[in-house]
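Reading through the C-alpha cells given below for one structure.
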Amino acid sequence: MNEEDTGLRITGLTRRVGAQTILDDITLQLDAGEMLILVGPSGCGKSSLLNAIAGLQPHCSGEIALDGRRIEALSPRERDIAMVFQNYALYPHMSVAENIGFGLEMQGWPRARREARVQEVARMLQLQALLDRRPAQLSGGQRQRVAMGRALARQPRLFLFDEPLSNLDAQLRAEMRSEIKLLHQRVGRSAVYVTHDQTEAMTLGQRIAVLKAGRLQQLGTPQQVYQRPANLFVAQFLASPPMTLLPARLEPEGEFTLTLQGAGAMSWRPTALPVPRERLLGRPLLLGWRAESLRVEEGGAALTLQAPVLLVEPTGVDSLVQLQLGEHRLHWRCAGWPTLQAGDTLTLRLPEAALLVFDAETGERL
Amino acid sequence: MNEEDTGLRITGLTRRVGAQTILDDITLQLDAGEMLILVGPSGCGKSSLLNAIAGLQPHCSGEIALDGRRIEALSPRERDIAMVFQNYALYPHMSVAENIGFGLEMQGWPRARREARVQEVARMLQLQALLDRRPAQLSGGQRQRVAMGRALARQPRLFLFDEPLSNLDAQLRAEMRSEIKLLHQRVGRSAVYVTHDQTEAMTLGQRIAVLKAGRLQQLGTPQQVYQRPANLFVAQFLASPPMTLLPARLEPEGEFTLTLQGAGAMSWRPTALPVPRERLLGRPLLLGWRAESLRVEEGGAALTLQAPVLLVEPTGVDSLVQLQLGEHRLHWRCAGWPTLQAGDTLTLRLPEAALLVFDAETGERL
Amino acid sequence: MSERRTALACLIPLLLVGAVFFYGFLLWTGWLSLTRSNLLPSTEFVGLKQYERLLLDPRWQAALWNLLRFGAGFVVLPLLLGLALALLLDQKLRGEGVLRWVWLHPMALSMVVTGSAWRWLMDPEQGLAEAVRGWGWASFRWDWLAQEDMAVYALVVAAVWQITGFVMALFLAGLRGIDESMLQAARLDGATGWRLLRRVILPQLGPSLASALLVLLPAAIKTFDLVVVLTEGGPGQSSELPAFYMFQMAFERSRLGLGAASAMVLVMMVLSIALPYAVVRSRRKVAA
Amino acid sequence: MKRLSLYLLAGLAAAVIALPLLLMLMNSFKGVAEAQQGFLSLPREPGLAAWRLAWQTLSGSFGISLMLAVPAVLLSALLAALNGFVLCKFRFRGERWVGLLLVLAFFLPIKVYLLPLAITMARLGLDRSLALLIAIHVIYSLPLALFFRNHFLAFPDELLQAARLDGAGFWRLLWRVVLPLSRPIFVVVLILQFTTIWNEYLFGLVFGPEDARPITAALAQLSAQTETGARAYPLEMAAALLAAAPTLVVYLLAGRHFTRGLVAGAVKG
Amino acid sequence: ADLELLHAWTSGSEAAMVSELAAAARRGGVDLKTTAVAGASNASTLLKARFLSGHPPTLAQTDKPLRIWAEAVPLADLGADVSAQLAALPHAVASELRDAAHKPAAVPLNVHRLNTLWSNQRLLRAHGLAVPQDWDAFHRTAARLRAQGLLPLAIGSSAGQKLSLFVAVVLGRAGRDFFERALVQADPALLAGARMAALLQEFRSLKAYTDAGQVSRDWAGATALLLQGKAVFQFTGDWANGEFQKAGWQPGMDYDCTAAPGNAGLHYFEFDRLVFFAQPARLGAQQKLAGLLLQPDTSAKLARLKGGIPVRRDADLSGFNTCAQRSAADFRAGEARGDLVLSLSARLGESAYGGLRDVLSAYWASERMTAPQAQARLAQALRQRD
C-alpha cells in the first residue's frame, strides 16, 4: 500500500456470475477530486463496477484502494461512499426530506444542521415543494432527484453516480449538470459518473472510461477519447449518429482504394497519411468519420463523396441527414433545417484531418 | 360520439389529487396511426396522462375516445392499449421471454406463433441472449428493453411509451428509435411517446405536445413547436443549452432598446419587425434566441453582441460556449472544438430571422 | 465485515438456545422413550419396548390414519378459503377493517370454549341440522359427530373455521406486498380474473404460501385442544389424532415412556419428509 | 353488479364465520338451566348474570395476563424479525440446516417440552416468575423467524444496500428500514403470538409466579369437563368472550397495518 | 402457606366443597392453600411438572390406585392416629388408603355411587310404567317408551358413562362375582367366554334406546333431557342428584333414584381421595389435616357439598336428601355384607383401566366391531400391567 496514494485506484477487478464474466480485469486510477465518466453500452458492467467499488457486490477479485487505503474488505458503510442508484432505491416509508437526511442522521449530524442541509440540497434539486411526500407520490424524475439528493447531502470520500439524470428533461438536466460540476469543484471529492448522455460525458468529467462487455477499452480525457479513440468500438460508441465506415486498402502508390458495395470502387489520394505508411500497407482497413465532420463547402484537402439523400431528420439544433452510398449509409449532421428532399443528390467533403483509420480485422485505430 | 372518428381524442381531461391539480383540462386529438410526442418538465403530468389514457388511474374527469369509442368506463384490458412503464413494472417471477410473451398469451396466441414473435422482438431489442434471465439478473438498460419488448410484442390499438429509451446508450437509443419509427410506420397504430430527449422528440413524432404543470402549452409539428413556440415556456423548454433572453422595449421610432443589467443599454434597429409594430409598442419585451442561432460570420441583417467568454464545453459533436454579457449569460453552440479561452472576447451575430419576441409579462410569443 | 459479524452474532443465541431447548429436550424425550417411565420419568432402560407397544396399538395406528385425513382437509381448505378471502378483501372493499376482523376473530377465541359452540352447531339433533329441518328440509341430517367415519371431518370443520382467517391474513400480507404497477402492467397485458391470479399473483405469493404451510402443517400435527373439547376422540376412538394420543398417554394415563415414544415417532415422520426436501433444495441452490 | 356480488360473498363469509360467535353471545345471556335445554334458541329472559360473574372471576387475571403477553409477544416478534432477517439476507455456511432445524422445531407441541423444561429450571435453580415465563415463551417462539425469512425473500435488496451506503449499521438497518417495511408480516406474527401466548396457561401455571394465574387458567377452570360437575355454559361463554376481548382488540388495532404498496416507489425495475 | 392441595375440582359443587375443605383446615389451625387446575389431564400434567421442578404440592386429589403413586414418589406416613381412624372405615375404602408397607398415606373424602338409574317419574306415570327392576324389564319398558316416541335412555358422550353402563349390565346380569373375576382379575376364560359376549351385546343393544345427540352432550346435558321431559332414564353417578334438586324436582314424585336394573343391593362406588406426599418438614401439618378431614361432621359436610355420601359409617346423614340416604343405606348394608363393589378406576392399573374404557366406548360407537373382537381387545387391555 502506498501511503501517498490518494483518490481511487482499482487493480485487476474481476467479477464473475456463473460462467459469465461481468467485470474483466479492470484497472484504473482516479486522482483525488477527479470526476471519472464511465460509459459503455447497456449491460457492459457499469453498474456492476460501481457496486463493486461501493462494496455491494460480493465475490469480486482484485484490489480497490481509496485514499491509499485498501477497502475491499471493508463493509459498504465503512467505505464512506455515497451513491445514486440507477433504480433509485428510495426508502418508500420515508418522506423526501427523510430520505435525503437519512444518511446524515446515520452519521450523527444534529437535527438542526441536518435539516438545514436537507433544505439546501432540496433547493438545489428543486424539490422544496415535495419534501413531505413519499416516493410513491412522486413522478419518475422527482424520484430520481431524491435519489440524487440522498447522495449529494453527504460529504463522502467518493461519489458514485449511476445515470443520475437519465429521467430528467433537458432543462433540468443542464442545470443539474452544472450543479454537480460546481459542487464537485467546490467539495473536491472524487466521483465516478455513469451516463449515456454524450453531452454529460464530454462536459462533466476530467476523464472518460469506456467499458465494453466488462473490459476497459480506453481511459482518457474527453478530447482523447473522442478524437483519438483507441479502437473502432470506442469511436463508434461516442458517435451519434453512427460513424460512417468504409472498407479500404492502401495501395503501394499511397492512395486509398475504397471498395464500396453496390457503388463500385473508388480511389482517393490524401495529401498526407495520418499514420506511417508501413502500418497501413497490405492490410484491410476501415476509413471512418463522424457525421459532423462532413462539409458542403469546398476547400482544403478532402475526400469527396456524392450520394442521394435518403432521410432528413431535423432535431431542432441541427438536422441528421442520411445518404445512401451503394449499400453503405452515410450520416451527415448539418446545421439548421436544410431544405432537402429524399432523392436529392448531395456532394459532401470530408476534411482529411477528420479521417480515422482502423484495422478492419482487430478494430485497432492505426 | 362521432362514428367516423379514429385515433385518440381526449377532451377536458382533469385529475386532482388532494388540492393538487395534476392534469388540468387537457384536450388533444391524435389521428389514427399518428405518433404524438409528449414533453414537459419533470413532474408536469406526462406519466399521469398516459396512465389516464390506459385507465390505470381512477378519479379522472373528462372524456377519452379511442377509434371513435368512449373508453373512460372500460377496464384497462378492454381498452387494448400497450404501455411501456417509466418504472418498467416487469414481472419479477417470469423470464425475459415470458415477460415479453405474456400479453400475447393473454390474448390467446398459440404457443408457436407466440414464441416466434418473442424471438422477433428480442432480436429487435438485442435481448436474444437474455431470454432466460429473470429481471433481477438484468442491467438497468436491459430491463428497460424488456419493458419495451412487452409493449412491442403486441399489436394494440394504441401504444403508450413512457421514456422508453432513457436508460440506453446513445448507440442503442438511435437504433431503437429507428426501430420504433419503422414499426410505427409499418403497423400504423397510434402512439403517445414521452421523452426528455430532444432528438427523439424532434425526429420521432408527427406532432409534439408540451405540458407544464398539468396544462397543455402547445400542440404542433416539431417544426412549429421549435420555430414558432407558443410562449416563453415552450421556447425555453426545447432549448438546450438555454435560450438567451434579453429585456427590451420597442421605441416608437422602430428600434429596440435592450436594457442590459451590468452592461448598460443598447439600441438596435432591425431591418424588419417580426411582428406588426402595434403589438410590440409600449410593452416590456423579451428578445430571445437559441444558442445555435448565433454566428461568427458577418453578413445579413443581424444583432451584434460582444462579450467575454466564460466557459467552453466541447460535447464532441460541437461545443457549448458561455459568454458573460453584463449580468446576462449568452449561450452559443459552435461547431467543432474551438480554441477559445475563458476571457477571450467574442463578437457574435444573431440573424434577424432567428429572433423570437415575447411579452415579458405574459410570456406569450408575439 | 462487521455488520455481517453482528448479524451472525445474533444467530448464535438462537442456535444455542434452539439446540438446548428444542433439540436437547428432544434428546431427553428420546431417552425417555427408551425407559419404563410411567407417572414420572424413570431411568429403567427397556430398550425399544415402548415403540413396540406403540406400533402395535390400534389406537395409534388409527390416530395416524386420522391425522392423514384430518391433515388433508385442514391444510387444503384453509389454503383455498384463506386465499379466496384475501383476494376478496383485496378488491378494495368498503368496510375492509370490519370484514377482516370478523374473518380473523375465530383465532382469538380459545378453542376450549368455542368447542362447545361447535358441538352445539353440529349436534345431530338440536344443532344446525335441526334448524335446516325446521326450514322444511325434513330429511336433512348432519351427524358427523356421531359417525365413526365422519367425526374427523367434524374436527376439520371447526379447525378450518378457526385458522382460515389467519391464513387469510398471511395471504393478505403477501398480496399487499405485490407491486401495484406490475399488476397494472398485467391488466394492460390483458390478464384479468383467474389468469391474473394464476400467472401473476399466485407465483408471487410463494413466500406467503410457505408461511401458511408453516402454520398449517405443524398445527395439523399439534391439534389437541380441539379434539378434547369437540369429540374427545370419539365416537369411540374414531377421531383421535396423534397429539391427543401422545398427551393422553404421557399425562393422563401415566405412560410417559409411551408418550415420549409417540413424540419421537412423530418427529421422525416429519424428518423423513422434511429432510429429503431440504437436501434437494440445497442441491438446487448450489447449482443455481 | 360485480361489486354487489363481491359484497354478498364477503357478507356471507362473515356470517358463516361469525355463527359460533353469535351462538356464544346468545347463550351468554341465558340462565344456566335454559342454556342446558337448547343452544340454538334465543334467550327467553336475557340477563347479564353470566357476564357479571365472568367479570368477577376473570377481572383479577387481566392484569397479569397482559403483563405476560405484551412483553412476551413484542420480544418474540422482534426477535423473530431479527433472526428472520439474518437468516434471509446473510449468507453463511449451514444456513439451510438452521432453517430445517427451525422448521422441525415448529412441529412439536410445546407441551412436549414441559417436563424437561421443569427439570432444567429446577437444576438451574430458577424460581417461578413472570420474567422466567416470558423468557420461556420467547424461547419457544424462536421458529417464528421463519415467517419473517419467507417474507424478506421479496424485500428489495437495493434498499438495504442504499441504507448501508448511507451508513446504517446492522441495527439501524433493521430498525429503520427493514421493520417499518415489514408491517403486514409483523402484524401477522403479532396476531399469532398474542393468540398463542394469551391462550396458553399450562406453562403459566408451572413457571409463572406463584399466586398470579393467567386469565385463560381462570377461564379453563370455568369450562373444564368433569365427570362429576355440571357445566355452566352461559358463564363459560361470557367468560370466553371476555377473555378474548384483548385479543380481539389487538386484531382490530393491528389490522390497520395491512397497508398496500409499502414498498411502492422504492425501486425502478 | 403450609400445605398445598392440587386438584381439578372446578365446577360449582366441587368448588364449594374445596372451599369448605380449606375453611375446615383453617378452623383446625392448618394453613392450606388450594390450587385448582382445570381438567384431569392438566392437573396431572401440572403435578408431574411440579414434581420434576422440585416444588411438589403437599397433597393432591387422585383417583388412581395408591400403588401407582407409591411406586413413583415417596408418600407421607400419616401416623398412628390416622391409621386408627382408617381402621374404622369400611374395609373396601380403607384398603385403598395405605401404601405397600401398610402405612396410611391418603384420606377419603366422600363416596359416589355409580350404578344409579335415574328415572323421570312424571313420564313413567303418564305412560303407566314403573321403574324396571331387572334388565329384562328395562328392555321391555324402554321398548314401550320408544314406541311412544320418547327417548328411553339419555346418555352423554364420555367414555366414563359407557363404562358405568357396562358395569351396570355386568353387575345386573352376571353378578358381583363374575364382575370381580372377569374385569378385576381379568380371567381370560371368562373374558373370552360366551357370557361376556352376551353381556357386551346387551350393552350395545342399549344404544338402540339412545339418540344421536349423545355425542355432543355431557352427563348434565343428558340429565337436562330428563328434566325437559324428553327422556326417561339415565345411568350416572349420584352427582346428577344436584341437577334435579336445582330444578325443584322431588325424589319419588318427579324423579327417582334406584339401583341399576338387577343391581339391587350392590353398591358400585368410587371415592374421592387426597394423597399426601412425603415432605418431612410438613409432616405434622399433614397429619393434622388428615385427622381433620376424617372427622365425622367434616366428612359429612364435604360429602354433602360435593353430592356424594360420607365415607364414615357413623356420619350424620340428616342433611342429605332421599337419594343420598338411600345410597348411604345401601352402602352400609353392602359394607356389612362385605359385597361393596369398589370402582374399577381404583382397582385396575392405569393402562388396564384406560384400555377398558377405550374398548367399551369404541364398541359402543362402532357399527362394525363384533363382540368377539371387543372381547379380544378387552382381554388385551386388562392384561396390561403398566
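A few remarks follow.
Going in written order, the chains are labelled A, B, C, D and E, and every chain counts its residues from 1.
By our rule, a residue touches a chain if its C-beta (ideal position, glycine included) is under 8 Å from a C-beta of that chain, and two chains touch if they have at least 3 such contacts.
Quick caveat: nothing in here was measured; it's all calculated off a predicted structure.
Among the remaining chains, those touching chain A and also chain D are B, C.
Listed by label, the chains touching chain A and chain E alike are C, D.
Chain pairs B-D and C-D differ in how many C-beta pairs are in contact, and the one with more is C-D. We define each chain's centre as the mean of its Cα atoms; on that basis chain A and chain C are separated by 58 Å.
Averaged C-alpha coordinates give centres for chain B and chain E that are 93 Å from one another.
Once the centre of each chain is set as its mean CA position, chain D and chain E turn out to be 39 Å apart. Looking at chain B, residues 86-87, 90, 138, 140 sit in touch with two or more other chains. In chain E, the residues that reach two or more other chains under the touch definition are 39-40, 42, 45, 48, 52, 158. Of all residues in chain D, those touching 2 or more other chains are 111, 115, 119, 164, 169, 220, 223, 225, 231, 261-264, 268-269, listed in ascending order. You'll find the chains touch as A-B, A-C, A-D, B-C, B-D, C-D, C-E, D-E. Across the complex, chain D is touched by residues 8-14, 36-40, 42, 45-46, 48-50, 52-55, 112, 158, 160, 218-221, 223-224, 227-228, 237, 239, 242-243, 246-247, 306-307 of chain E.
Note for the complex: chain D touches chain E at residues 33, 36-37, 111, 114-115, 118-119, 121-122, 128, 202, 205-206, 217, 220-232. Taken in their complex, chain D has these residues touching chain A: 91, 156, 158-159, 161-169, 172, 176-177, 180-181, 261-269.
Against chain C, in their complex, chain B makes its touches with residues 54, 56, 75-77, 81-83, 85, 87, 89-94, 102-103, 105-107, 150, 154. Touching chain A in their complex are the following residues of chain B: 17, 39-43, 45-48, 86-87, 137-142, 145, 162-163, 166-174, 196-199, 202-203, 222-223, 226-227, 236-238, 240-242, 290, 292, 313-318, 320, 333, 335-337.
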